[in-house]
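The two complexes that follow have chain A in common; it is paired with chain B in the first and with chain C in the second.
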Partner chain A sequence: MDKTINQKAWFLVLPVFLVVAFSAILPLMTVVNYSMQDTFGNNQFFWNGVGWFKELLDPSTDLGERFLASLGRNLFFSAVILAIEVPLGIVVALSMPREGWRVAACLVIMALPLLIPWNVVGTIWQIFGRPDIGLMGYVLNSIGLNYNYVSNEFDAWATVIVMDVWHWTSLVALLCYAGLKSIPDAYYQAAQIDGASRWAVFTAIQLPKMNRVLLIAVLLRFMDSFMIYTEPFVVTGGGPGNSTTFVSIELVKIALGQFDLGKAAALSLVYNLIIIIVCWVFYTVMTNAGAERRPVDTGAK
Partner chain B sequence: MESIAWMAWTAPTAIFFVLLAMTLSVMTWLAVAYPEAERVGILRIPTTRGDRLFISLITAAVIHLVWIGLVGTDTIAALPIGEGIELSSLWLATVISLVSAVAIFRTV
Partner chain C sequence: MHSIPGRRLILSLFLIFLLLPIYWLVNMSFKTNYEIVSTMTLWPHQPTLANYMRIFTDESWYSGYINSLKYVIINTIISISVALPAAYAFSRYRFLGDKHLFFWLLSNRMAPAAVFALPFFNLYSAINLFDTPWAVALAHCIFNVPLAVWILEGFVSSVPREIDETAFLDGYSFPRFFIKILVPLIASGIGVAAFFCFMFSWVELLLARTLTSVDAKPISAVMTRTVSAAGMDWGLLAAAGVLTIIPGALVIWFVRNYIARGFALGRV
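Take a look at the complex of A and B:
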């Protein structure tokens, strides 16, 4: 007997659709409208066509120079924290205990930084790094290193990066740990019988079994670091100069500091487009990495 | 209209969103009326019509931005209507986007 297809269940989605329309689609449409116009307040708008986009993509203008520079800084920041957090997270996951009470203890300690709100993390590091009263700043200065994140670009960058590593390496480690836990003991026993070295076990068993969670970790960390705002804003405020001004900080400066709604709207649309493309690529790779394995799995049954 | 003045609607952006909404409606209707299976194209990933539309729209956005950044938006012609409506070279990017959308729908 044929099943009758009933599409009425779609009406159950209607409330969600309305909420999303109100909270996301209407504001997004408004941003598109703003990106084509200029305003001096009081809801008076003047048509500007694609003028803001032109400025945004032209490095010789103020807006373009600021956007491209902050984009470059942001990509560099993401690359650096990924290069540190992913290997470090794997190492931490590999060194975590496998059983007993120490597992719970480790997991709790690892989860602690993840539970702290962004602005609190920023405040912690802002005080921690201060040369006069901060523990880290004071110690670094008393051992002869001239450390001051307020005036030195390198110190500001180092502080922001170390802060991110402190905050988020646990996430990578916990994801990798979950991946490691899912490997059946039989794999390790087989490796032992073959006399495989520790390195061979890592590259032939653990790494391939972790690749899915690693992909998720890289995606999450990339997106989060690419959209980072609160932590560097609290610690450095984007300075010294513009040296730690990332795209979202620049965006807020233009939108709320200068109240240039048109420029900010154009910037946020391009920013949004980059994020959508990266998300789509990661999502496609992730879902299809699983799909390629599926036929092999069914064949084995 | 006073209550939505903050949304700053203009005719061109309204036309853009109406066209987008119509495209989505037509695609939804197509999906219901003529259900289709996923297929694998040159990207070697399974895609539906919706996926291909998404890729086309993203590609169109990128093409327009690249055009604005590299070529610019100089006037290339004027339509002989009224005092003459100037055509920006950005319309070429729109034409390229449409061509690429057709290519994406056929090959991806």
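Take a look at the complex of A and C:
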């Protein structure tokens, strides 16, 4: 674990640095440039200073209102799917069979939704939820629920959330499963000798061992739900009204729909900044957790 | 002790929940549009392959799959080959700015594609790569390269240092050590990283759609455009959807034993 100091390692990292810098720094410079200007088409630009940023954070303007509303919706969405997917993922991971062909079968089925292109995920749920041709929509309507995700806000939200649970719970479950697999049998035997209850085994052995992977899971799920675009866009198009318009959808609307480069760029920067801050918090927690893990924990009391 | 009460039931319900929407898509892809719209049938009563035939015979459809596979494969090769040495460096050495660099990479994995759509469009138009597989492949590097570095770093770290030292004592040069010893040792890790690069490049739509127009149009874009143009051809849409699931399903089968560890990014 003790690493040697070697500045020549930079040569090994250089290719990665160049590739990512080409894709990240150059475009970001364009964004910074645009965010300070206003355009009236024809490639004419006018200096606007921090005007867009002021507007963005002021809910009384059109831009600010749209941004803050979509940000609020997005945070709410992330909170809801985390609250469902993390516990559900843990339960599923605990329910996995121990060995044999069933494990492989479960893993393959669980990984399946993760490998479906995001627009196809949207299409699947768009079809599945339609009252006329979709199984879910048809069944819900025939048992007396008036379900229609196109016109009803609540139904649209429910559809988007169930879709995300369908799409990503497997990721949490697979991560937790990997964490559980790394627990040596001796821990369980010790717990059995001590007469530990099922709950005690979970809180004293399994949960601490899953800490690290759970952190990765929460990080990945938060980030990906915070920048979600394709799936809700295909299913609801951000509607009905603006009720499922998340930040990315709003951004693409402004950037590629209205070609309002200045506003879009300012929004992009603020959006990116939020992500970097959250990412930094997680990264710090994660590296600290890794450092604390060094002394071998004794497992069951 | 490992399991919880009622686990079979929970697991079965969850798997059914996962499979049901996919089943519905497959079911629909074998139906005629008339059957889809007029009745609610749990399996195709008049099964037809017409939807699939249309995709395999119409070039504007099947070229979409080829275009998608092109940029996915280019991207996977680029990502893995640049990430391997970097993963070794991060795993074995401490150097100026290593932690900051690692964090910067990570933050790029998390950057929303929507932010980059427009600047990428400008950038790749300016260097004449717009509407080629290379543009999409390079654009996808922004999230795949950091991910590959992250995964591979975990796998390299699980190789004991003594192996490096012994190899160098035996007179291996660095490149020869790398190719002859390290790469075979972490072969499964490379497989997992390649799987993830494949996966994230395959499922991404926004950048792929923004950076192509005609010649390199990916299948996901073909799907969205044709549907709006042709009214609603549900059967065809479902068949195209089913075909996009197949490459993923094949790839999963090959890495099934490493999936769990791979999703933990080699860090368990």
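The rule we apply is simple: the second predicted complex is superposed on the first by the 272 of 301 C-alpha atoms of A that agree within 3 Å, B and C clash if a C-alpha of one lies under 4 Å from a C-alpha of the other, contacts with A are read in each partner's own complex, and residues count from 1 in each chain.
The rule we apply is simple: contacts are C-beta pairs under 8 Å (C-beta built on N, C-alpha and C of every residue); 3 or more make two chains touch, one makes a residue touch a chain.
What you are looking at is a predicted structure, and each value in this text was computed from that prediction instead of being measured.
Annotation for the three-chain superposition on chain A: chain B and chain C fit side by side.
In the superposed model, A:V270 makes contact with chain B only, not with chain C. Of the two partner chains placed around the shared chain by superposition, neither chain B nor chain C is touched by A:A79.
Of the two partners chain B and chain C, more residues of chain A are touched by C.
Within the superposed three-chain model, A:D58 lies in touch with chain B and out of touch with chain C [touch as defined at top]. Of the two partner chains placed by the overlay, neither chain B nor chain C lies in contact with A:L145.
By the touch criterion defined above, A:T30 lies against chain B and chain C together after alignment on the C-alpha atoms of chain A.
With both structures placed on the common chain, the touch criterion links A:Q7 to chain B and to chain C. Contact with chain B, but none with chain C, is seen for A:W47 once the two complexes are overlaid on the shared chain. Contact with both chain B and chain C is seen for A:W280 once the two complexes are overlaid on the shared chain. With chain A as the corner point and C-alpha centres for all three chains, the angle toward chain B and chain C works out to 110 degrees, nearest 10. Once both structures are overlaid on their shared chain A, chain B and chain C have a minimum Cα-Cα separation of 6 Å. Overlap of the chain B and chain C interfaces on chain A: residues 7, 26, 30, 276, 280.
Put simply, chain A touches chain B in their complex at residues 7, 26, 29-30, 32-34, 36-37, 39, 43, 45, 47, 49-50, 53-54, 57-58, 270, 273, 276-277, 280, 284, 288, 291. Every residue of chain A that touches chain C in the complex is listed here, in rising order: 3-10, 12-13, 15-17, 19-20, 22-24, 26-28, 30-31, 88, 91-92, 94-98, 104, 106-120, 123-125, 127-128, 132-136, 138, 166, 169-171, 174-175, 177-182, 188, 191-192, 198, 201, 212-213, 216, 223, 226-227, 229-230, 234, 247-249, 251-252, 255-256, 261, 264, 268, 271-272, 275-276, 279-280, 283. If you check the complex, the residues on chain C that touch chain A are 1-5, 7-8, 10-11, 14-15, 17-22, 24-25, 28, 36-37, 40, 78, 81-83, 85-86, 88-90, 92-96, 98, 101, 103-108, 110-120, 122-123, 138-139, 141-142, 145-146, 149, 199, 202-206, 210, 219-220, 223-224, 234, 237-238, 241, 244-245, 247-249, 251-253, 256-257, 259-261, 263-265, 267-268. Residue ranges on chain B touching chain A, taken from their complex, read 5-10, 12-13, 16-17, 32, 45-46, 54, 58, 61-62, 65, 68-69, 72-73, 88, 90.
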